[in-house]
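Going in written order, the chains are labelled A, B, C and D, and every chain counts its residues from 1.
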Amino acid sequence: MQQRRELDQVYTNRKLLNGQLDTPKWWLPTVSILGVVVLIGVVVIATMVNKGLGVTGLARPVYWGLFITTFVFWVGISHAGIMISAILRLTQAEWRRPVTRAAELLTVFSLLTALVFPLIHAGRPWRIAYWIMPYDISRGIYPNIRSPLIMDPVAISTYLTGSTLFLYIALLPDLGNLRDRTTGWKNAMYTVLSLGWRGNPRQWKMQTVGGILLSALMLPIFVSVHSIVSWDFAVASAVEGWHSTIFAPYFVIGAVHSGVSAVVTMMALMRWLWKWDDFIRPEHFDALARLLIVVATGWLAFTFLELTFALYGQDAPEIALREMQMFQWPWNALFIIFFLTAYAIPVPMWLFKRVRTNIALMFWTSILVNIGMWLERFLIIVPGLARRTPFVYTWEAYRPSPVEWTIFIWSFAWVTFLMLLFSKFFPLVPLFEQKESQVFTEDVMIGRAKIPAIVREAD
Amino acid sequence: MTTAEFGTHNWGMVVDVDKCIGCNACVIACQAENNIPINTQDRVERARSISWIRVERYWEGDFPDAKARFIPIMCQHCENAPCEPVCPVYATYHNSEGLNVQVYNRCVGTRYCANGCPYIVRFFNYWEPVWPESLRNHLNPDVTVRSRGIMEKCSFCVHRIRRESRNARSAGVEIADGAVQTACSSACPTSALNFGNFNDPDSKVSKMKDDKRHYTLLDQFGTDPNVIYLAKIDADKKISAGEAATHG
Amino acid sequence: MSKSILGLFQQPEPAADAMDGLKEAGFELGTFDVLTGTPYPEGAFGEYVPQHRLFRFPAFGAIIGFTLSVFLTAVTQLAYPMVTGGKPIMSIFAMLIIMYEMTMLAGVIATVIGIVFESRLPNMQPGIYDTRITEGWIGVVITFDDESKVADAESVLNKAGALEIKHA
Amino acid sequence: MASQAVAHESEHHAPPPNVDADMVARELIATTTGASGRFKAWVWGLGILSIAGIVALVIKFIDQGDDSTKWGYVAALVSFLLSVAGGAPMVAMAPVMAKANWVRPITRIASLFSFASVVTLVMLIPLVAILPPLVTEGARRRTIWYEAPDYSPHIWTTLALVMLLITGIMLFYSAALPDFASMRDHSTGWRKRLGKRLARGWVGTDAQWRTLRMRIGMFGTFYFLILVFANFLFTTDFGQSMVPGWRDAILPMYHTVSGFQAGVAGVVIALYFSRKYMKLEKFIHLDAFWSLGRLLFALTLLWIYFFYSSFIVFWYGRSENDIATLNHQIKGPMIWAFFGAMILLWFVPWWILIWNKVRRGTTVMVMGSFVILVGLMLDRIRMFVPAWSVPGDQIHEKWLKVIPETYWPDIFDILIMAGGISLVAFIVMMMTRVVPVLSVWQVQEFNLLSKPIKYIRGHATLVAKPD
């Protein structure tokens, strides 16, 4: 799968550090525009906190809306990082190398963004310190650890801390590299950050062994995070469409689906923006698309199961809910778009190698997937709450307000903004992994055929 | 585990649907007693109105022989309340007198409890409550005025319970049966709403709740409510609005 | 800091030769080391295989995290025995989730500490170094206790074809 | 989880050397003949047990064929067999999709299990006969067949299992063609004739290889899909729909995943014995056990994950359905089986497989695999015996009002279970007499694609990754 390309290391350094050593022309304008959007978002959030949640479109019985949907969406995106860097590292997939760091980065930043939403969606955000910093004795009351809303922050902060440390450890050799390439205050900064990296066998061994060990440790966290998020919904026995035992793996695999797609989107952007055609190559997109086909189909199976067992009970409210979700305006339109974008359009396209190796097409299909996956979360959360059960005396459908939409857009601008800021100081493609793959791949002649081969260390 | 068995009191209500005439006196009484913000037309249209108790009306049969059925619904104070365990800050929990209490000061407004509640009797304050100048002095001093951003719901007029228990303690006697009346029950002209202590076997409600007409709402959720309904007796057919709704 | 010299090579083969030469010249393992810009398969230069105790760190961290979490979850419930939704005061199945997360968190943090510690970082006097190492060059660094052996070390490096020898 | 890392401690042995192609062919073909005395004794023992099991099945059917509450253990056995015999061939498939080289030598031994799906079918027959139709005295019970004809579960489950058997055998055969050819060339007697007939003129032209690979990929994919489908149908029709109000959306996936776990365990066991008693050390490297061990470890963790994610939802939800399900499935009379399963399927294997040393060895691995199989049996018992012990007149209530009396195994059940399991072992052992237990051409390919090299000064293996 991985064609062997001889790449001189000096060239590799120059190309992959072009973000840090010299600023691309487009960088400053883009960042400033994004900064403006972010600023607007912050102002809107401030006004909402100041005025109260009346400015949102929430109404009984739909008490959770766009914010929680977007929260789940970003937590889902965050599952890209460990999926790519941990699972593919453990399965020794060679093509992961250029992607890993960008994916982990996406994890960190999307988690940071996701954490904002539960905060601002609460009625009295300034009091949420009570459950983020639970143990102030002065308040004299501990949080209720039986509540899934306590498990959420615990799980997400665990995941965030873990991936941040993971990111930093994998960054060490490249920081050393940057230290060697820079001068002045930058050099000083990188010298401190790289902790005096030299690259002797002991340090490299720690990189490999530690990397794999960390992956193995992050993997269970990765699975647990979205499961716990899903239990926020699944434990509510009174909400048809939420109270399903399949939610945990269903959410996790959906998260992987959207996360890996987001990575594809990002890779395409990186390739275009920084002109990394030598490093992010069609075969990487090809491999990711193959992975995506499997993941998406698995996700479809879970969706099917979820639906089957929703109707399995054959209770009137459940059936009424599904009827609304699929056949009533506007939900039916959303449902159709969701299904088309999340599966029906992209996956059949990915079956063709021509599509898989076409960066532009991959870019757009991956964006489609994420539109669909966002809609999926929306279609689970909101129609579930707009119940069709007895004693619901308001059949008010929920319509998000402009404020909510602004904050929704803000979240995307915010993540991109952080990404670009990071890219100014740290390489987005792990240089040492890139070079390692050069060292570890050789061509073997079998008969007349030249076949790419990988050096596996004997264990 | 339920708290009712180790408390001396287990407050509860018996609603005789047969007696309810749908006059909405209970609703008005509740609004006045508990400082509930005025439900303006806008709030009602936006489904943001707050009414701790409501009288639901169902039509049975078709015109001309259509019958109106009424059923008052307030917080059921469930023993296995779905709203309680999901609150991250113990803002709602079950106290030792069988009440499902809402602690306004703890609430941060995640609205998770309202998602859990199948009876839709929990309400969120979207705005700071305001009253016209003329009503400023009509607020009940015993009841907190809820600020924006928190949940509220029927409290079984807990302030009245407290007052009576204070009086009883100072007089050194047990709280007499019927001494505590919620605003709604005292306002009900047909005494369809009856409030009392289920742990006292000779109390009025304890006797009523063993009536063979008794049922609870949405029992498939296993919430074990402290509000017992007595079914409507109909001359021609034996069905009550409550059951019609329950098995709706 | 004791004297040390650094021989630079562009290809792995001569570097490996140099390492062998140093072994033959009687330098004991550990006094000389190889610096590379990328990880090479272990023992590629015949260097001594570094021993590490990395696997103890996560176990240690996990134990700490677990005990801490048990304490935390149990105490928070027992200190305020408030019944919610008829759940037991000690709701083990809710506790399990938080215990799990905290155990993993402590495990990860301990592992990271372990990685940094086991790779002997942070090290603010890295000693003799050359920036070309991160451009694919390979450095063989030798540290001496006594100045006498510098000469034969240099000769070994030269024999192996070092492109440059730095002193520090 | 610490030692899940692929670290390599100080020991630095060179990887085992390659074997010449002709030697591979000769030795592997030779393994089909010349069975040892111990082997024959085992085969006889297992054969007798299997016959006893079949007889017991027939008698039980004649004796208790009218009472569905007495068939829980047979249902559990069918589920067990579906898991092991159905899951094992997946071991051959999944890594092949991922182009893992270590799996090439052992695909055959995994796909041999697909013949054992016959046993699943045999055991299913009485169950299908006894399973109540969708509508009994006017009331339709909850199933995935909302308004479908009354006998849809019976038809479709049987069909799915038959399809599973056929696809499995096709998968085996399409991968075995070149080996039949080499039997034709190197073997003697009836094996030679069989090889001649089945090789269908295989000479190994480029076109033939291409079609072969295509077939393997195709049947592998089909097999996977059908397996998931069969798990789904069996767990819902023969499990959940027998209990009013049992509504556990994760159960089919739970069943499938623990099925894979059991399949890997079965493959490890078969691999261990064939390696030990057929002297195949130089073909089956420790690397295979190492990789299988990691797979098994991951699946062991998945089991507890799937179980917990259904349990916690019931525990929180505590609606009447949920409480009834918990009491019936876990806290009921089968609690011993549940805890047994929990310990043997998750806890013990977890603590066994977490060690690198174990996964680099064979003996402890195989012990762990046996533990897992026992645990799986218990797990199936705790699921299906309570399910089938619900009286027929209650299965269309809204939810389970009273937990029914459980049913303890009688002599027939024990005989049937022993018989079924030994029949699987018997079939697999007999198949090793017909075809080489390791696929000749894939061992040769393995040796072709990975060769031990000396990388500068260190030892390493060079693994070619053809597209």
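By definition in this document, a contact is a pair of C-beta atoms (placed from the backbone, for glycine too) under 8 Å apart; a residue touches a chain by one contact, two chains touch by 3 or more.
Nothing here was measured: the structure is a model prediction, and the numbers come from that model.
Chemist: For the pairs C-D and A-C, output the one whose chains share more C-beta pairs in contact.
Modeler: A-C
Chemist: From the C-alpha centres, identify the chain that is farthest from chain B.
Modeler: Chain C.
Chemist: Closest chain to the overall C-alpha centroid, by per-chain C-alpha centroid: which is it?
Modeler: Answer by centroid distance: A.
Chemist: CA centre of chain C versus CA centre of chain D: separation in Å?
Modeler: The separation of the two C-alpha centroids amounts to 42 Å.
Chemist: What is the distance, in whole Å, between the centres of chain A and chain C, each centre taken as the mean of its C-alpha atoms?
Modeler: Chain centres of chain A and chain C, defined by C-alpha means, are spaced 30 Å apart.
Chemist: Need the CA-centroid distance for the pair chain A / chain B, whole Å please.
Modeler: Each chain's C-alpha centroid was found; their separation is 44 Å.
Chemist: Averaging only over C-alpha atoms, locate the centres of chain B and chain C and give their separation in whole Å.
Modeler: Between these chains, centre-to-centre, one finds 65 Å.
Chemist: Which parts of chain B, given as residue numbers and ranges, touch two or more other chains?
Modeler: 80, 82, 85-87, 90, 93, 221
Chemist: Check each residue of chain C and list the ones that touch at least two other chains.
Modeler: 40-42, 45, 49, 54-55, 58, 80, 82, 84-87, 91, 94, 97, 107 - these are the residues of chain C that touch more than one other chain.
Chemist: If you look at chain A, which of its residues touch at least two other chains?
Modeler: Answer for chain A, listing residues that touch two or more other chains: 141-144, 146, 150, 209, 213, 217, 220, 235-237, 455, 457.
Chemist: Chain adjacency by touch: line, ring, star, complete or other shape?
Modeler: Contact pattern: complete, every chain touching every other.
Chemist: Can you list the chain A residues touching chain B in their complex?
Modeler: Residue positions touching the partner: 52-54, 58-61, 63-64, 118, 121-125, 127-128, 130-131, 141-144, 146-150, 232, 235-239, 316, 385, 389-394, 396.
Chemist: Within their complex, state which residues of chain D touch chain A.
Modeler: 1-2, 4-8, 12-15, 98-99, 142-144, 146, 228, 232, 236, 240, 247-253, 290, 294, 301, 305-306, 309-310, 312-314, 316-319, 321-322, 360, 448-453, 455, 458-467
Chemist: Which chain A residues qualify as touching chain D in the complex?
Modeler: 1-2, 90-94, 209, 212-213, 215-217, 219-220, 223, 227, 231, 234-237, 243-249, 301-302, 305-306, 308-314, 442, 444, 446, 449, 451-459
Chemist: Touching chain C in the complex: which residues of chain D?
Modeler: Result: residues 1-3, 5, 7-8, 10, 12, 308, 311-312, 315, 318, 455-460 of chain D touch chain C.
Chemist: Quick check: in the complex, which residue numbers of chain B touch chain C?
Modeler: 1-3, 79-87, 90, 92-94, 224
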